[in-house]
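The following pair of complexes shares a single chain, chain A, combined with chain B in the former and chain C in the latter.
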Partner chain A sequence: MKQIQSLFEARWMSSLIFLILLFLITGIADPAFLSYSNIISCFNTATMYTLLAVGIAFVIMTGEIDVSIGATLGLTAAMTGLIAQRDGSVVVMLLVVMVVGAVIGLVNGLGVAYFGVPSLIFTLGTNSVVRGLVYIMTDGRTVENFGGTIASYGNKTLFAQITVYYAIAVALVAIAHFVLTRTRKGKYFIAVGDNAGGANLVGISVLGTKILAYVLCGLFAGIGGFVFASKYGQVMTVAGNGYEMTAIAACVLGGVSLSGGLGNMVGAAIGAVIMSSISRLLVFIGLPSTYDNTITGVMLIVIVVVDALAQRRSIEMSRRKRLLSRTAENTPEGGVKA
Partner chain B sequence: MAENVHGQSCVPRLQISGICKAFGQNVVLKGIDLSVRAGEVLALIGGNGAGKSTLMKIIMGIYTCDRGEIRIDGQVAKLGKPAASLAAGVYLVPQEPLLFPNMTVLENILMGFHEKESELKKRLSQHMQELGFQLNLQRKANTLSIAEQQLVELLRGLMRDARILILDEPTSALTFGEVQALFKVVQDLKRKGISMIYITHRLNEVFEIATDVAIMRDGVITLEGPVENFTKDMLIAGLLPQDADVQQNDRAYEPVRYSELKPVMQVKALTGYGFKDITFDLYPGEILGIAGVVGAGRTELISTIFGRDKTLSGQVILDGKDITGLPTKRVLEEGINFVPEDRHRHGLFRIRSISSNTTSALLNSVKIGRINMNRSQQKRIAKQYADDFRTKIVSLEDLIGSLSGGNQQKVVIARALSTMPKVVILDEPTRGIDAAARSDVYNIIRQLKEAGVAVLMVSSDIEEVVELADRAITVFQGRINGEFSREEITQDVLTSASFGIGQERKVRV
Partner chain C sequence: MKSMLKKVFKHWEVFLLVFLVLEFVVFGAANPKFLRPQSILNSIVNYISVCIIALFVTLVMITGGIDIQAPSIIGLTSIVIGVLWSDAGMNIWVAVAIAVCIAALCGALSGFFIAYCGVQPMVVTLGGSFLYSGLALLVSGMSATPAYQGISGFPAKTEAGEFVGFRFLGKGEILGVPTQIAIYIILIALCIWILHYTKYGERLYLVGVNPQAAEYSGINTRAVIMSTYVLSAVSAALAGTLLTANINSAKYNLGSGYTLAIITAVVLGGTLNTGGKGSILGTVLASLIICILRYGLPLCFDVSTQNLDLPVGIILVLVVLGREIAGQHMLSRLFKRRG
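Coming up: the complex of A and B.
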């Protein structure tokens, strides 16, 4: 009973309810939406956002931000394509994307945690650098015509129409969730975001934890790049542009607090599904897809504002309650009636 | 120490020798020697900027020292990061407990450990039993009171088998009952042979719980030894700079003629969050002291008058005009100004110049120009106050952050005055200010009074109220429980009333 209660208090639970509500409302507008294959494809299309959201959730939980993951995804996707054009093996591709992603993350981590540059500024810088590398590496041309094994994986389903990649993403979410909630080091991410000074004082390395968060973030973006190339079979120079915003929005929708110290991976993954479903929902509701960005933007702002207000209110309420208890009539020890 | 009452070996638990530390040009520690034995409580006192915090941060491994040596149980300890200090058995309970607000108490205590959770829990409940703590481990840390947060911090330290606990002003935010509970814990820990460094500004506490005392001033230890060897006056003398002419206050200035005056501000049965049924009058040219312990509701009272919190019932009348519940901007315009307790959070624009800070309350007035700011006027005002208040500055264009605490406070008071208020509310005007600057601030407050401004002064420092106030009220648990005329004000009377000890409410004649 207690566990069920705490389940409902969990922040990700409200995002799940929100997701179900969105689906139901769309279903009312057009019952065709509620078909199994349609709903499953909402999840399948969320694969890349899920990977990015889980990666960036590590960073956001430590109280920082990373806006370079879209470019990282683009670069690693282009590299995957280039290797595929040369008939390289999948193992090589995976190794390359993970190493490249992790190195970009390391650079971000050092810049933010070691040199103390504000994370938005620093990762905006790496975003440009990495995007620039895509142009250099591809001569500004779309990487395409790479066939072979990786293109054929793209939309392969595992069972019940779930794609292999989404299944892998879900597995990674589960692992990340386990690490975050069940391991000691995993809790450090939340601790650092919750109170960096306090973390330092109990012997947690704030520097190391932040760097690790960025490395993991880059790693997930790298894997995302591989999935991108495999899914679409061609990589434009602007591939992944704007994905960072979607991933951040997914985290926020999933209850990961932008000020750090709150949230979990399940929420971020659900948020990713919400974000990737929006354009599909619009089609069913009958709005043109040009509304897509505006609606997600409005939704994001509303949720962030509501969250901030709710938090402020609860802090204020507990303060007032505490103060009122001081002047309560029955004053215990040493009370003097004026 | 010849007579070792605790019978421990002669090797001190913690021995610090020749610690020096400078931040750039600023030399903070100039060769500190200190030692603490098992079961000793060393009270460390000293003004702001004396270097106490820096020294503690070095022991805790947050800073590294430039020179000197730290020995723990006779072994040279290589500190330099908190993990190393923790491993060596040092734990710092900071003034503002640094918990993880979104985590449970249990998670907070166990964070950073590597052992099995079940074992840790067993040890934790053992510690809690020994000390008689009762705390729901599943509560979120952001629901804890400051006192409870400190208990969590102490448990964290004990769980790490800390043998050297550093308590940084632990009582500064506690109520009287909580302070007594904390002292009991300190006594228990002392019996268990744990060494403590107890940083405080309250001299009474030194005699209550410390075994030894050390005074720090300007980066050196000026006085050290067993508590029995000192009296309060000796400690005060040790805190004062040698060249300061110690002024004895004779309180020989003109008494306020209340019969000829009309109150400028009347507070009638004001009730808000943290205080109830507060009634008093404030007259021009007087200093009304509001005494009481931290947490009695005084800060809440004045921030409510100043429009920063909601009024539940009652009235505030300024010059015949009802200003109850007006927003801060309007309250300011009506002629009340406020010098906050926390200079840094509410008082200063840290990266602006001294002159900008002095005139920042005038930005809305025509005095320094509506659109194009009149820089020379701004400078003139700032210079006048700097001269009047004897603020030690090199240039008015220096950043406010480069000033010492006392001089910063002078700038904040100057700013409050620049609006020519009828009423000035001062919240803990000399908190964290060294003795020399303190007497300057006192002079400024007296100047205010002579200029006919009504001064409402909240202070936890009873001596301060005794020295300055024409009248005083005491607040206990959110209510006024005593009102005293100048003749009645003594340290004893105010102290006992602040702690809620048997006072009939007296009505001023």
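Coming up: the complex of A and C.
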């Protein structure tokens, strides 16, 4: 019973309820939406954002930010395409994207954690460096015509219309969630984000944890790039531009606090589904796609404002409770005076 | 000598100035064409939106916030002016005034959520950037002109080829200086006065350093924070107006790629994104450094404009790393760790 209660108090639960509400509202507007294949494809299209959001959640939890993941995704996608054009094997592609992503993450981590450059500034810099590399690697042209195995993977379903990639993404989310909540190292991320000084005092390596967070973030973005190339079959030089903002928004929707020390992977993954489903939902509600950005913006603002107000209320409630219990202890009659 | 170096490095603006002069020397030596004043001024005009908005985003960041919605307000202003003028048949100046008011409202809305509801500024302005660019698209749907085409034909160009009226803002000259740059200089002076010579400016710093202490000392921190977002939105509206007048076209997606450029200019200028530190002069110098880089590299070193991201990014990373290493005395810190 207690477990069920704590399940409902979990922050990601409210994101899930919100997602279900969204689906239901759309379903009321057009019952055709509530078919299995429609809902599943909402999840399937969220694959890339899920990967990015989970990756960046590690970084955000440690209290930093990474705006270079969009460019990282673009670079690794372009690399995947270029390797595919030369008939390279999938193993090589995966190795390359993971190594490249991890190296970019390592550079970010070193710059932010070791050299102490504010993370926003440093990752802005690496963002344009990596985007520049994309132009150089591709000669400023779109990488396309790389058929063969990888393009055919893009929409391959595993079972019950779930694509292979989304299944892998879900597995990665599950692993990340397990690591974060059940292992000692995983709890360090939250600890560092909550109170870096305190974490340092109890012997947690703040430096190591932050670098690890960035490496993981880059790694996930790299895998995202592979999925991008495989899914779309062509990679423009601007591929992934602005994805970092969507990923950050997904994290926020999932209850990851931008000031660090709070959040969970399941929420971030659900946030990614919300962010990527909006345009599909609008189609069913009957609004033209020109409303996309407006609705996204309104939703994002409403959610975070409601969340902030609810949080403030709960803080006030707990403070009042604390004060009341204190006065109750101090007065022998147990009288409670406001 | 060493202590003098230290002092110089403490003033980030000095370093930026040296870097800017160095740029002129290197580019000028590589290609004398670079030094033509007309081309330099033109390159600044091309970058003026970023320069202007960066000034006011500096104020936002000094209070510890961040504003990534300003570029979407450029597009919103532009299309509102276009639609009011061409489709509603209003006087162009009335249209501009209404557009600026709408922008101020947008800024006030985001600022309200940030200041009074305590939501993180990055998220609210991210939502704002979606919302306002979405609104711009919707407004452009009201026009008879297709959205991708852009509304053009703004008044006015005399037969002698002089620009008057609205387009004077974009293309005219005052005493040989392009109007846009004249306006930029006025805005710089205004910002320096606001930030460094008024009580309001002092409050901005106080709020950035310690909002609670500022609150207890009787400052209305919420109003102060909200006001910075209104100011930056109005500056974005101004930039949108100037841009529209310059290219003679009102489009909903003008300025859509400027987000990171603006933040880059502000943080390279030495403003901390945690608040409490920063200066207008630094922002101005940083904007000019990036602007000159983007103008000089293609001209003098044959870097194609498409490939500009890489060198600009590398220089940015090296500069901030260098500053961090010089400022925090890495070596002594390393020794301390061992000891």
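The working rule: the second predicted complex is superposed on the first by the 308 of 338 C-alpha atoms of A that agree within 3 Å, B and C clash if a C-alpha of one lies under 4 Å from a C-alpha of the other, contacts with A are read in each partner's own complex, and residues count from 1 in each chain.
Throughout what follows, a contact is a pair of C-beta atoms (placed from the backbone, for glycine too) under 8 Å apart; a residue touches a chain by one contact, two chains touch by 3 or more.
Please read these numbers as outputs of a predicted model, since none were measured by experiment.
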First (chain B), second (chain C), both or neither touched by A:V304: second
First (chain B), second (chain C), both or neither touched by A:V99: neither
In the superposition, chain B vs chain C on chain A residues touched: C
Touching partner for A:M236 - first (chain B), second (chain C), both, neither: neither
Partner chain(s) touched by A:D194 [first = chain B, second = chain C, both, neither]: first
First, second, both or neither for A:I248, with chain B first and chain C second: second
Chain C-contacting residues of chain A that also contact chain B: none
Chain C residues touching chain A - in the complex, by the definition given at the top: 66, 68, 113, 117-120, 122-124, 126-135, 137-138, 141, 260, 263-264, 267-268, 272-274, 304, 306-314, 316-317, 320-321, 324-325, 328, 330
Footprint of chain C on chain A - complex, ascending: 65, 67, 111, 115-118, 120-122, 124-133, 135-136, 140, 237, 245, 248-249, 252, 257-259, 290-301, 304-305, 307-309, 312
In the complex with chain B, residue positions of chain A that touch it: 184, 187, 190-191, 194-195, 197-205, 261-262, 315, 318-320, 322-324, 326-327, 331, 333-336, 338
Touch list for chain B against partner chain A, complex: 60, 62, 82-83, 86, 92, 94, 98-103, 107, 111-114, 142-143, 145, 156, 176-177, 271, 273-277, 295, 297, 300, 476-481, 499-503, 505
